[in-house]
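Next, two complexes with chain A in common: one pairs it with chain B, the other with chain C.
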Partner chain A sequence: MSGSSFDTSKPSGSFPDTWKKPPFIKNKTLRWLVYLAVILYFAAAFGTMDINWTRAYEGLPRGAEFIASFFPPTMIDSNGVDVSGTIVEGILESIWMAIVATVAGIILSVPIGLGASRNLAPTPVYLFCRGIIASSRTFPEVILAIFAVKLFGFGSFAGLVALSIGTIGFFAKLLAEDIEITAKSPNEAIESTGAGWFQWVNYAIQPQVLPRMIGLSVYRLDINFRESAVVGIVGGGGIGATLKTSFERYDFSISATILLSIIIIVMMLEYSSGYLRKWVQ
Partner chain B sequence: MPIIQTPGGPTWQRRTTPKQLIIWFSWLVGIAVVVFAWLRIADNDLLWVYMPTVGREATDMVSRMVPPKWSYIDVLWKPIWDTLNIATIGTVMAMILAVPIAFAAAVNTTPHRAVRAVALFIIVASRSVNSLIWALALVFILGPGILAGTLAIGLRSIGGCSKLLYEAIEEIDHKQVEAIEATGASRLQQMAYGIMPQVMPTFAGVAVFRWDINVRGSTILGLVGAGGIGLQLSGSMATLAWTQVSMILIAILGTVVISEYVSAKVRHAII
Partner chain C sequence: MLRLVNVLKRYKTGDVALNNVSLEIPDGQVIALIGPSGAGKSTLIRCVNRLVTPTEGKIFLGDTELTALSSRALRKARRRMGMIFQEYALVERLTVMENVLSGRLGYVGFWASWFRKFPKKDVQEAYRLLDRVGLMDMADKRADELSGGQRQRVGICRALIQNPELLLVDEPTASLDPKTSRQIMRLINELCAERGLAAIINIHDVHLAQMYSQRIVGLKLGELVFDGPPDGLVPDVLTEIYGEEDWEATIEDVDEDDEDVDEDGETEGPRT
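After this line comes the complex of A and B, so read on.
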């Protein structure tokens, strides 16, 4: 067969010979309206942002200096005093705080989570528990810590209270959502054996939600450790207090050491949580 | 699920005896660690000085905060708008930067293992440092204000967004990428036409999810001077204007509830 007998000319008009990616929003008017709204929003946002660009520009060389002053990370402060003891103490305090807050938060979360599941609880209980979850989720741990410090005084106990309350909002919500999507058949099977409510929860619900909850509790431990670094800024103890002091004393190389240690510990927690989850399942 | 032979005949147990022992031992270690940690925290003399006054302090605080100074909301509209802008622009910035980092961190798209290690380090570093600490540092560099807050939110979000994105990239269907490759597409074109369409829904979902988190996060940045409603909060607390504090808390509650509602609606529309 020779090439000439093969018609390679395009059948004009009948087939498209170019292809365009379909747009993300199919409706043309809606698409342009969305674009317009986005542009208008950003114009309004930047227009009212009141940024002092000169100040920011002036800050840039100082910023470079500032970042340079983080290196090398050391444990010796500007007076030549070795502060490694304080750093280790702060980190340990943060770890203790994170552990106790996670456990206390989970213990408090279980009844609230059960109460906040649509398929377990009567409506008044459901609404009450959802209310607790919503209010604990709304306020960041730092705001909770401000009030805890007011009530319990400076130190790690205030941080512990703030982190525990924060844990309830996270853990009870996810627990309730997980319970709501449990499979119906095991639940009915256990119910049909004549099990009481507690037996039903323990043998039908618990095995279905436990693996995910263990993974989540390690994740929350990780969050609580990271948050413990900031509750210290408002007086809640832990490594945050040490970090804030180092910033205020312009000992930035010590801040760098502290930040690096936080990063390393979070990294370790992340790896171990992966292993733990595999081991549990 | 083993059957154990006992003098009374075979009985069923959920786990074998060694497995049961391991579980009991893990519980023992776990409880010991928690008790030890608690003892370290309780080992604070001052704590027990404060304890008896907690009830009085709480009633005192509540009595000072009630009723909220409703008229103060007129002052709060601008800070609320600023807070939302910090969250939105910070999220947009993070999403833009998260895409290349996610592609560098995903096993199937990374150009080199060393690049992947760097990308993973960026992700962990950004995630480990809270936005409040980023803000604390950025206020030193850029001066107090919204810019520092926006950048802090952005820097903090890069890690979270990239992590979720690269996990989505690793879970894609490879047949589609191979199909694109078979047409002679370059690596970049494969990413754009083979991978991006698959991760776009996740991408949008992550953006909305992160925006919701960032609205919460940006309400407190003002505590270190980085703009938003937190500025009013720290100012009111410094001047002991507790009725204003309660009004601000109500405003934060409203903002967060609305942002949660919006993000839930958008997420339903996307998925």
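After this line comes the complex of A and C, so read on.
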């Protein structure tokens, strides 16, 4: 019979009454060396940074003047022409770009995401799909848009391609990671019924990842709309192109109108995505 | 009949989970597999339906050599073996009906399963099984709305709708309270008797193992150390399997206890 009862013979005073959390780096010398290295690095970094405080100070009134020129936001340009039509057109084009890029990107992401999941795909497929994801994530949307404009010329198609590729990098990666953390036991259970691979994905994987994926698609739609303003500036069409034109003509009150509309639309998307996510849970 | 011949499983880490296990289970026999955690009980039943591939040895179900099957043939063979899991292993966001019908996935085509258009007799059988385990009204509920005992009943239906010859049962009661545990064990036992099913039941609770099986097999560190009738589990045998402990209290009079459970057996049914 092994002793399973507590030993009550020791007096309570014989136990230590202080306790400290063990340090993250156990070796004392190494720990202090790491601290020292971090401090030295920051000191050196500050030393080499060339901050011109006088210039920053002198810039303040110029900045205030620039911001003041945004008000009041209008739709009439400096020549007295009403540009509201152009703004609406730009916004509609951006919305259309964002929706098409999100849908196209997600459709392309699903097979790539499945292939990039360690628990689904054999190693060669896994590496190939991870490669696609990594390369699409290497470049931010602006860079992708510059390439796309060079390839397809100015206009919304170039922006659309850039946003779709950006969506693949985002969505496929998160899908793969979500698939990798699905519960093991239902996956085994469906496998042990003799289900085929596609049936297994449909019955075991899909229900576990779908709610999060729906939330993420709305989130990506919102990102794509914002990014459409950026890709427009480098020639990718949409509201970004309108914004760029207004800046170039020094019609800052029109730029203000455009920025406000972008903010309002993003906020609406933000609100509806939160609502939708709650609903699918 | 299920036959394991010199089965050995060595994991990538080098751990030997099963060491030369040979075992024969005739049709319709319910055996309990006992042993301490890490003895290889889970590995053994997972080797049978090849969720785990044995390193050496052969496993036969009837005339089929399970260890030699291609992936297509393996899917067909898996239909003949229903599995019941410790944490129920239901797909929580699917309905109870979908969970039960998923037991037919090995029989229906992809598009039929995608559109949830299962053959009429499968749907009928699913309702019949749900009614048998007292969950007829739960068909449209989502699996995560059910209690532990109810979920395990759905798990049992999913295994049985495969129309298997053999049930592989992995710790069916580990997450359940003592009363529900007994109800589930009794249900599995009755269903095996009704259908003439053989079953391997991994179980930690020695007492339940004695109550609800015809034969007990003991594993220790991947090796078979006991194979005999439930009343052969004397303290010396339990010490051999699990190590030194006071075993007298664990193996009380089994018969008396069985009657005790039958009395409240009538309360078995859905709770909401």
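The rule we apply is simple: the second predicted complex is superposed on the first by the 223 of 281 C-alpha atoms of A that agree within 3 Å, B and C clash if a C-alpha of one lies under 4 Å from a C-alpha of the other, contacts with A are read in each partner's own complex, and residues count from 1 in each chain.
Rule of thumb we're sticking to: a contact is a pair of C-beta atoms (placed from the backbone, for glycine too) under 8 Å apart; a residue touches a chain by one contact, two chains touch by 3 or more.
Being a predicted model, the structure only gives us computed values, none of them experimental.
Shared-chain residue A:F198: touches chain C; no touch with chain B. In the superposition on chain A, no contact is made by A:L36 with either chain B or chain C. Taking chain A as the reference, the larger set of touched residues comes from B, when chain B and chain C are compared.
Of the two partner chains, chain B is the only one that A:P140 touches; chain C does not reach it.
Residue contacts after overlaying the shared chain place A:S185 against chain C, while chain B stays out of touching range.
Look at A:P211: by the touch rule set out above, it reaches chain C but stays clear of chain B.
Every residue of chain A that touches chain B in the complex is listed here, in rising order: 21, 24, 41-42, 45, 48-52, 55-56, 59-60, 62-63, 66, 92-93, 95-97, 99-100, 103, 134-135, 137-140, 142-143, 146-147, 150-157, 160, 226-227, 229-230, 233-234, 243-244, 247, 255, 259, 262-263, 266-267, 270. Taken together, the chain A residues at the contact with chain C in this complex read 1-2, 183, 185-186, 188-196, 198-200, 202-204, 207-208, 210-211.
Contact residues of chain C toward chain A in the complex are 49, 51, 75-79, 81, 83, 85-94, 98, 102-107, 110, 113-114, 155, 158, 162, 168, 244-246.
Those residues of chain B whose C-beta lies close enough to touch chain A in the complex are 33-34, 36-38, 40-42, 44, 46-47, 49-51, 54, 57-58, 61, 78, 81-82, 85, 88-89, 124-125, 127-130, 132-133, 136-137, 140-143, 145-147, 193, 197, 200, 216-217, 219-220, 223-224, 233, 237, 249, 252-253, 256-257.
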